[in-house]
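Lettered A, B, C and D in written order, each chain numbered from 1.
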Amino acid sequence: MDEFDIETVAEDDLDEPVLIEGLPGVGHVGKLAAEHLLEEYNSDLLKRVYSEHFPPQVTVEDGHTKLACLEFHAVRPDEGRELLVLTGDHQAQDGAGHYRLAETILDIADSAGVSRLFALGGVPTGELVDDHAVIGAATGGDVLTDLEEMGVEFREDEPAGGIVGVSGLLLGLGERRGFEGSCLMGETSGYLVDPKSAKAVLEVLQEALGFTVDFETLEDRAEEMEEVVRRIQELEGGMSAPSDDNLRYIG
Amino acid sequence: MDEFDIETVAEDDLDEPVLIEGLPGVGHVGKLAAEHLLEEYNSDLLKRVYSEHFPPQVTVEDGHTKLACLEFHAVRPDEGRELLVLTGDHQAQDGAGHYRLAETILDIADSAGVSRLFALGGVPTGELVDDHAVIGAATGGDVLTDLEEMGVEFREDEPAGGIVGVSGLLLGLGERRGFEGSCLMGETSGYLVDPKSAKAVLEVLQEALGFTVDFETLEDRAEEMEEVVRRIQELEGGMSAPSDDNLRYIG
Amino acid sequence: MDEFDIETVAEDDLDEPVLIEGLPGVGHVGKLAAEHLLEEYNSDLLKRVYSEHFPPQVTVEDGHTKLACLEFHAVRPDEGRELLVLTGDHQAQDGAGHYRLAETILDIADSAGVSRLFALGGVPTGELVDDHAVIGAATGGDVLTDLEEMGVEFREDEPAGGIVGVSGLLLGLGERRGFEGSCLMGETSGYLVDPKSAKAVLEVLQEALGFTVDFETLEDRAEEMEEVVRRIQELEGGMSAPSDDNLRYIG
Amino acid sequence: MDEFDIETVAEDDLDEPVLIEGLPGVGHVGKLAAEHLLEEYNSDLLKRVYSEHFPPQVTVEDGHTKLACLEFHAVRPDEGRELLVLTGDHQAQDGAGHYRLAETILDIADSAGVSRLFALGGVPTGELVDDHAVIGAATGGDVLTDLEEMGVEFREDEPAGGIVGVSGLLLGLGERRGFEGSCLMGETSGYLVDPKSAKAVLEVLQEALGFTVDFETLEDRAEEMEEVVRRIQELEGGMSAPSDDNLRYIG
């Protein structure tokens, strides 16, 4: 295996698709959002990317082993731009690996005719929130204005530590290669897998790209999560902010 | 020395052997099982693999230093398939090293005519168990069915964190190169070197490959371990679950 | 992107400039000093250096993402030598990266005609100090004598652990390539961003290079910091040495 | 700078010298022993080895910076074999670096006509000892017998964790390249820089190589250390085993 090994599963000529990145991160917001698109629309698995920068492990599903990888899917929504959706269970495990993985993703995007990309994720607030604002960051000026009109908030000092990992690098490296990139980050407590925050992010995305997705399954999952939170809060006598210990791994 | 340095100790034309991997891991189950095969049957050391991905150290045996390495042995059981048995004291120390070591092992297996491989290991239960189930994972469908008939359990969510290290990668990378791979994981407390779990794993393996191995020495070691556990439990007034502190390094 | 990617923003023929390095470190002394020069004199951004040895992240300023990088600026003070000023938010994240980044900086300096360099930084004293001595270290003999006459102190065992990171390597590697290098380290508590220590370092630098810079903005920042310290000391009932917990991240 | 950069300071045709390695380790035993040889005999600095696998730092001596390096010295004792003595302040900082540094040292040794090498070090006992046994390990059989006759002890399970770092690898990798290697490890508490253990190691070495070195300065340092220990024990009311906290960094 090379440093990055790209396996082509199917060929599909997407028409200048938009790249949507939804890898694991805060509240699994980006991952939930990207996977929701795969579930709601017809999607075809196009490519897998394997790498020695991923953890040295296989997952096991019903007894079958599956090597750590990223997956690119062709998605054609009801309306608007065609999508190249990137999902997976891992980010790179080392600094140089992050840079090289991002470049590999941009190479694939470039070959597929992508010129615009959205990195989806969450931004932690540290407390449970009812209203999920979507914070933005982008490579260029026009994009900022467009997204601002859709209700995306651009705040002077947020996210405070910058954007770390593949989402940040797709914009940082992408800009240098001429991609127009936006990062949409749903506010989320940071304690829970957060389908409601994923919905907020997708609402911006559908307005930006002109599709209309059904949110029912995401709302169902959000309700389940809220029920879980309610029960924990009852057990704790109505504490408003759950502690790390009991909520971090719920989802 | 190159990144991997393969030393050929002896030539031996095995007839389409099955690769058996038994490197250190949970309960030393895989290592005990593989070494039991070396002790019970005539075995010849064929190759050593040295690597800068191993710890920078030598072991000392009776004053002689020995550089960290893996060893491939030719083993011809009483009946059934010939075996290429992989043993050693180390796994790779870094992520890329795990991937590259697994590929190097597969290269050697490929040259030796291997098309089927078994990775042996343990899966931790967190408590002392009397009955050692063997959990399985595999690269392909037929293998799953065959092993299931031999009593191997394939569970939906186990092992929970996937299979980490060389055992997982031999299956994950092996599948991509056309190997048929199975991982046999004996249940074990995780606190003790566990010869009984190694026996359970070997019982499956001998049924799968058609040999009949003598378990006396393994049973003797298992009894010694049980005696150690009994004494500790007496000292502690019959606690049923030993603590990490007093049992982890026993063996 | 290559391991190091040098982007030329503007061309400028500086006349045998002196390299001034002010990257993040103890008390942000070097960074404050270098940035003060950029603010007080006309400066032009000449080059950016990107690298996979930097953290995998972008900073966000008013919604725009900016990939981690170092920046070289042309600075022409009121009098004396022209300057090539190196600033940035990051050091390399791994050992080899430190060495290779330092070599890359020296390559750029060499191309720009640099033969003399100053690495600016802080040396921690562990307590708040009123008087900021400047400790020195240098590659060669004449430089030592010159700086000693300007009040720089060369102490037998300081800094105790040597000079770690890019400042140390610019001298250590620079000497082997024929650069004349000096490191000027302002004493600082180690708890606070320290504009007063930065001023002490710049006072030596201006004497060494023959310019006269205005310190008003640096003095204003120093007063703000002192006001912050006073308030904390009042809250704590006049403790003279602030604890790590309340002061480390002030600035 | 390349991964390893070898600077030749002086040429010297040693006559089939024996390599003596004394880099930092337990009790600084090896380092003290090697430096004692440099002090007692005429020695010439032949080569320096710089590497990005060393820490990214310079030491500062009287204001002058010195880049991290290893040094090879030519030493001609009063009698017996000529020596190539390796000293320095650092070991490699990463696993592969250890392997590659050891190979680089062996390359230099090979060019200098070395066929026999001694790695000097300490083995921790965990308590203050009056009598410093010397534990041995070696690459081949005859060496073992010779050293055993000189009072070196070869123990079945010691050192328990093998020999880690450059000392171990010089034997492990050296054996594969045809070097005859021995490791001499003086027993030492592990809490203190231990000149007495260094003397014990040198006493074996001089018998093995046929020279007679003066131990006065080493004995003086040993007495100073013992005086320090006595004072600490008095302060603590005569505790026989010093705690880590008060003795670890003494020397």
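The definition used in the following text is that a residue touches a chain if its C-beta (ideal position, glycine included) is under 8 Å from a C-beta of that chain, and two chains touch if they have at least 3 such contacts.
Keep in mind that what you see is a predicted model, and the values were worked out from it rather than measured.
Peer 1: Show which chains lie in contact with chain B and also with chain C.
Peer 2: A chain counts here if it touches both chain B and chain C, which gives A, D.
Peer 1: More than half overlap in residue numbers between the two sides of the chain A-chain B interface, or less? Answer same or different.
Peer 2: different
Peer 1: Averaging each chain's C-alpha atoms to get its centre, pick out the one most distant from chain D.
Peer 2: Chain A.
Peer 1: Can you check how far apart chain B and chain D are, centre to centre, with Cα atoms defining each centre and the answer in Å?
Peer 2: Averaging C-alpha atoms per chain gives centres 38 Å apart.
Peer 1: Using mean CA coordinates as chain centres, what's the chain A-chain B distance in Å?
Peer 2: Centre-to-centre distance between chain A and chain B: 38 Å.
Peer 1: As a quick test, compute the distance in whole Å between the mean CA positions of chain A and chain D.
Peer 2: Inter-chain centre distance comes to 54 Å.
Peer 1: Where does chain B touch two or more other chains at once, residue-wise?
Peer 2: Not one residue of chain B touches more than one other chain, so the list is empty.
Peer 1: Can you list every touching chain pair?
Peer 2: The complete list of chain pairs in contact reads A-B, A-C, B-D, C-D.
Peer 1: In the complex, go through chain C and note every residue touching chain A.
Peer 2: 1, 5, 7, 50, 52-60, 62-68, 93-94
Peer 1: Which part of chain B faces chain A closely enough to touch in the complex?
Peer 2: 92, 95-96, 98-100, 102-103, 136-140, 144, 154-156, 158-159, 161-166, 168-169, 171-173, 175-176, 181, 183
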